[in-house]
Amino acid sequence: METSSLVIGGGVAGVAAALALADNGSQVYLIETEPSIGGWAASFCCKATDVCTKCSVCVVPQKLQQVAIHPHISILTDSMVAGLSGGIGNFKVEVLQKPQYIPPERCIACGMCAEVCPTEPKAIRSPSPEAVPYSYVLDESRCLRLKGETCDLCRDICPTNAIDFNHEPEKKELGVGAIIVATGFEVFDAREMGCLGYGRYPNVLTGLDLERIFNREGYLKLPSNGKDPKKVAFVQCIGSRDESHGYCSQVCCKYAIRFARLIKYQNPNAEVTIFYIDLQTAGKGFAQFYEECQKNIRFVRGLPVEVLGTSSGELEVRFENISEGTVKRETFDVVALSVGISPKKDSWDLARTLGINLGECGFFDAKEPLNSNETNVEGIFLAGTCQGPRDIPDSIAHGMAAAQSAMEVLERCK
Amino acid sequence: MIRGNNKIVAFCCENSAYLAADKAGRMRLHYPDNVRIIRVPCVGRVDLIHILKAFEKGAAGVLLIGCHEGACQHLTGNTRAKERAAYARNLLKEVGIDEARLRMANIAPDMAQQFVREIEDMTEKTKER
Amino acid sequence: MIIAERKPLEEIRGMIAGYKKILVAGCGTCVTICWAGGEKEVGILSSQLRLASSGEGTELSIVEACIERQCEKEMVEELRDKVQDVEAIVSMACGIGVQTIADVFEEKPVFPALNTTFMGMPEAEGVWTEKCRSCGDCMLYWTGGICPVVRCAKGLLNGPCGGTRKGGSCEIDPEKDCAWVLIYRRLEKQGRLDLMRKYYEPKNYRAVKRPGKIEALKA
Amino acid sequence: MQIRIGVFLCDCGKSLSNIDFPKVSERAEKLQDVVHVGLHSNLCLKEGIEEMLSTIRDGAIDRVVIAACSPKLKEDAFRNALEEAGLNSNFLSLANIREQCSWAHEGDVTEKALELTAMAVERARFLKPLVKKDVPVNKEVLVVGGGFAGMKVALDLANLGLRTTLVERGLALGGRLEGFETNPAVPINSMRKAIEENRDIEVLTSAELTRGEGEVGDFSIRIKKGDEELSRSFGAIIFATGYRPEISPGDFQLRPGVNLISQEKLTEILKAPERLELRPKTIGFVLDVSDENCRLPTLSALNDALAVKERLGSEVYVFCKSLKVDSEGVEEVYREARDRGVVFVKFEERPRICSEDGRVKVELNDILLGDEITVFCDFLVAEERIMPSEGTEALSSILKMRIDSRGFCQDENVHLYPVSCERKGIFCVGACRGDLDIARASTDVAAAVLSTYELLASGTAIVEAERVKVDPEKCRVCLTCIRVCPHGAIRLVRVDTEREVAQISDLACEGCGICAAICPAKAIDFEGYGDEQILAEVQAIGESL
């Protein structure tokens, strides 16, 4: 019987689960399809004004760091589950790892490889500042060498001789007692709602764009001309609570309100409007925050049906103000679409490999409503947003809960 | 004898500001090199004597940088630091040092830009000395 | 416990003006506990003095020390070596400590860095309030353990003045409770309200000789 | 004894070109107590560490200064390496010359790199060894509150082999679950039975906490049960005290009575509809009147609305401002309710509610219709305001833990979420920490159970002994540190028979140093961040080398 465990997905839920298991003495394999762990949350931004607004983003880097140095956790990046056999207490998992041209344990992130890389854009790129592990990444599609040309510039300059083009995809077989699936979510693609102009007008952004802008730049400027925004609109329920998404994404109202407040804080002259259906303002500590926000943020019930660019570069928003019973047009200089949490499109593949069920909405299906960690396969548990929308604290809790279920299995195996 | 210099001593909480500084480096956001970061486990660790000694050493400015209010892992560390900074400003005023040379700031781990801005600001403020 | 607070720097600097070598001596008992004159405060005052004088370009060297209790001659003796090297002493103790040092080291000027304010207790972290005026004629037994001499703004001995505000606060300072309301409630809790009817004669403050002196029975 | 400091400079594969390393190296050699300066290129890699180890051994180096990348990356690896070399892992001082020096500035930064190295060297001179030690922890767990969450905690802990004492204020276990008739997913009776049969769970009903002392691993708790007062010791405490529903009639301008009924009353009706004289034709639910930022009333209204449809067949109206659908599966229930004919009426201004002819008249502006409407209900189910359980404040002051702005357990701080509180070894689960539905409460329970298991399962915990410590000779017993410690990790102990002094629990201490900063007697030392260590760094700033 195996006492080690496998966590699939290195987002915040997977990381929380891995830490909880490892702290309890289990040897944990944490596998992640991307070159670094952390998932979406690692790229989000703190939304504090002069005070913390409880978005929980700041808890992520610490957890990632703990995982990175934990003696009981082996991180396998660029990896995916390719096969499964055995059963509870004794799973054999086949993991496929993409070629590790630059193995993270050899890369010291000195950056000399990227300096000499002759392609434009560079085939070797620096990791994002919050990446764990913090190592350079090779883009196979751009690398001249991998395209068959003779270029050894990066390999020659690498001071640690880390770069090796002869790496092949690697197959590993892991024996584990329990498996936690924490593959996370996909952000709804706002292009699917063409009438709102995302992708067509530079100043129509999504919540995800805002996360990235604030994370990188610290301040919101108009993408079109770099000026301070004066009129900002948030549009809620993009990819949530509609025909094809029969659920509330749980995070969008809160992040929108927090962003609205942050924009007001940085730029007190900006007018901020939030268009919504039902505002989700419940949650520890949120009520007071929302009440403060009501003082200087306009909340309008009703979702815009169309966003059009004006000749002066502004955005004309057509919406029905349900509370007033009127249809209106109003111009804004930024429209932020509060995109929701969608199930991962490739969930189906993993579901088939593992033999677990997918629910109606496309998330993995929990066996019973009060134990949303359990799947139809004994010994395989769900954590975080792969099971349904959750915010960061709820995902951490769910990850820990999955770890608890897994721990019970491992204890029985001892 | 106390020698004047242009150094800015930044006491940085290792859970927030220190990470922001690391991130600024990773993003190659260049800021003035007169800042000396001293890592502390929580900005509430910084005592008045640490601040005063920095000025005795001739520092141009001292920054206490911690987490935002309500986000301190030790709950009260940053609010204590804020109060302490206010008190220390009085002590500085008493000895004829411009209070603006001591400041408390709140920076989250991802706020590299804001960190850089704080340093630039303080450097600018203490230049004319 | 004796409560004190530090004098403004300006005043202390005025006292030590002209001296180039001084000893800043803290006291490890009451004034440490009330954050006025312990080791930490010695460090802060010394640092401030150094900063101020260097700002003016004057020379000042400071020896820092903190002893257990400055109100004991034997303990003050510990400072002798350090005192020899300095021209003046700044004592961060209560008035008693300052005088003890002055008595022990008669040849050196001693300056008080604190104002000794009252006898009291910590109300909350960093907040102290006066609780006893050492009147020498304690009446706490009759007043439910609440001293009207100190806690009534007017020091009334026989019930409230009549100006008590709604809710039981003092007419002089609405932030403070009326001592007599507190006494009434306390006695009520103890079922001893009859004591409210007791008449107290005006206090004979002469009962205690000033300056006070007590000679305990030698066993 | 002479301190022998070894300085290891790393140029990160010779990539930090704006630092003149030979110059740094040359000048670092002149620093006090430095006996070796080495220039490396890949200190973070295995071979780099090997190189360093042999230098440490050969040079009899006893303090290590590494000037390299951010300590956030490799500090742990370096500490392990020190141990491997037979040095105490605390004899390490780092200078961040990559992220916070070379990468952060334009132009030559040799001077800064040198100064950062000098700061680290100066600090290293004051380092003292830290010893790891095992401290015993009590493996018993106290669970406060015998509702769903508390029962589940006790059962799950028992499953993992930890004994629990379950303290319930009421007469029996079950809590608010009795009212969960409409939620068949909660197997209340079987849970109760399992607890009764489990020998690892001691149940104390009609019992309350009266005093609590100590810290994680060693809490001493007094429990009052009837006239008895029991003294017990526990290693950890889990709060599952739930919430208190409150109906404030003022919100509805009606007296609770025949027409305005509570959720509980509705549950009773739904249990035995045959007892009603007349089947109610219309039942209304009103939400967002008492508290418009709360989930629980919405969840129960939706479930109850469906149950009413099924069992009574009445017309059902739900009056609300913003329906709280941000819990799992709620949007689906909402859709189902609409399909089954439940009418949702949304308002901006709160409805006017009054009694008329024995029915409840609800007048409101329906924002969808954009018009005033009037609905007569046979029963109006009042919205419950979700309040902290009675005695939450008293209980938290017994255990010196903070409550949030609304009086629930657990301060509003993201670092505590999901289930921790500022005191190690105390956890809060379920609705005692806010407006949590039962699914979230289940998740909480599992998270707390695992955290407790981690703390206690082995019966011992490894700590760094006396990392933060009070010097008993210098302690003036002013209690300041005890009052300010955010983690309740300091208590008075008797060192000898004469005097009590403050002592810091190595296990409960989280290492913030707030106590060390505030101690008026400078009696608290914080190894690694002690006054002399911090001041040593300050002293090295601006020194021309």
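All chains are identified by letter, namely A, B, C and D, in their written order; residue positions are counted from 1 within each chain.
Please note the rule applied: a residue touches a chain if its C-beta (ideal position, glycine included) is under 8 Å from a C-beta of that chain, and two chains touch if they have at least 3 such contacts.
The shown structure was predicted, so the numbers you read here are calculated from the model rather than taken from an experiment.
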Request  = Using the touch definition up top, find the fewest steps from subunit A to subunit C.
outcome  = 2
Message = When contacts are scored as defined above, which chain pair ends up with more C-beta pairs, B-D or B-C?
response = B-D
Inter-chain centre distance, subunit B versus subunit D - centres from mean C-alpha coordinates, in Å = 28
Remark   = When centres are defined as mean Cα positions, the distance from subunit B to subunit C in whole Å is 35
Remark   = Chain centres from averaged Cα atoms put subunit C and subunit D apart, in whole Å, by 42
Note = Chain centres from averaged Cα atoms put subunit A and subunit B apart, in whole Å, by 33
Inquiry  = Can you list every residue of subunit A that touches 2 or more other chains, as numbers and ranges?
reply    = 52, 54, 58, 134
Task = Indicate the residues of subunit C shared as contacts by at least two other chains.
result = 40, 43
Ask   = Can you list the subunit B residues in contact with two or more other chains?
value = 19, 26, 47, 49, 53, 70-71
Which pairs of chains touch, using the document's own definition = A-B, A-D, B-C, B-D, C-D
Task = Show which residues of subunit C lie in contact with subunit D when the two form their complex.
result = 28-29, 32-33, 35, 38-41, 43, 66, 122, 125
Key: Residues of subunit B touching subunit C in the complex   = 1-2, 47-49, 52-53, 55-56, 91-92, 94-97
Complex contacts: residues of subunit B adjacent to subunit A = 15-16, 19, 23, 26-27, 67-71, 106, 108-114, 117
Note = Note: in the complex, subunit D contacts subunit C through residues 474, 476-480, 483-484, 519-522
Task = Spell out the part of subunit C that touches subunit B in their complex, as residue ranges.
result = 8-10, 40, 43-44, 47-48, 50-52, 54-56
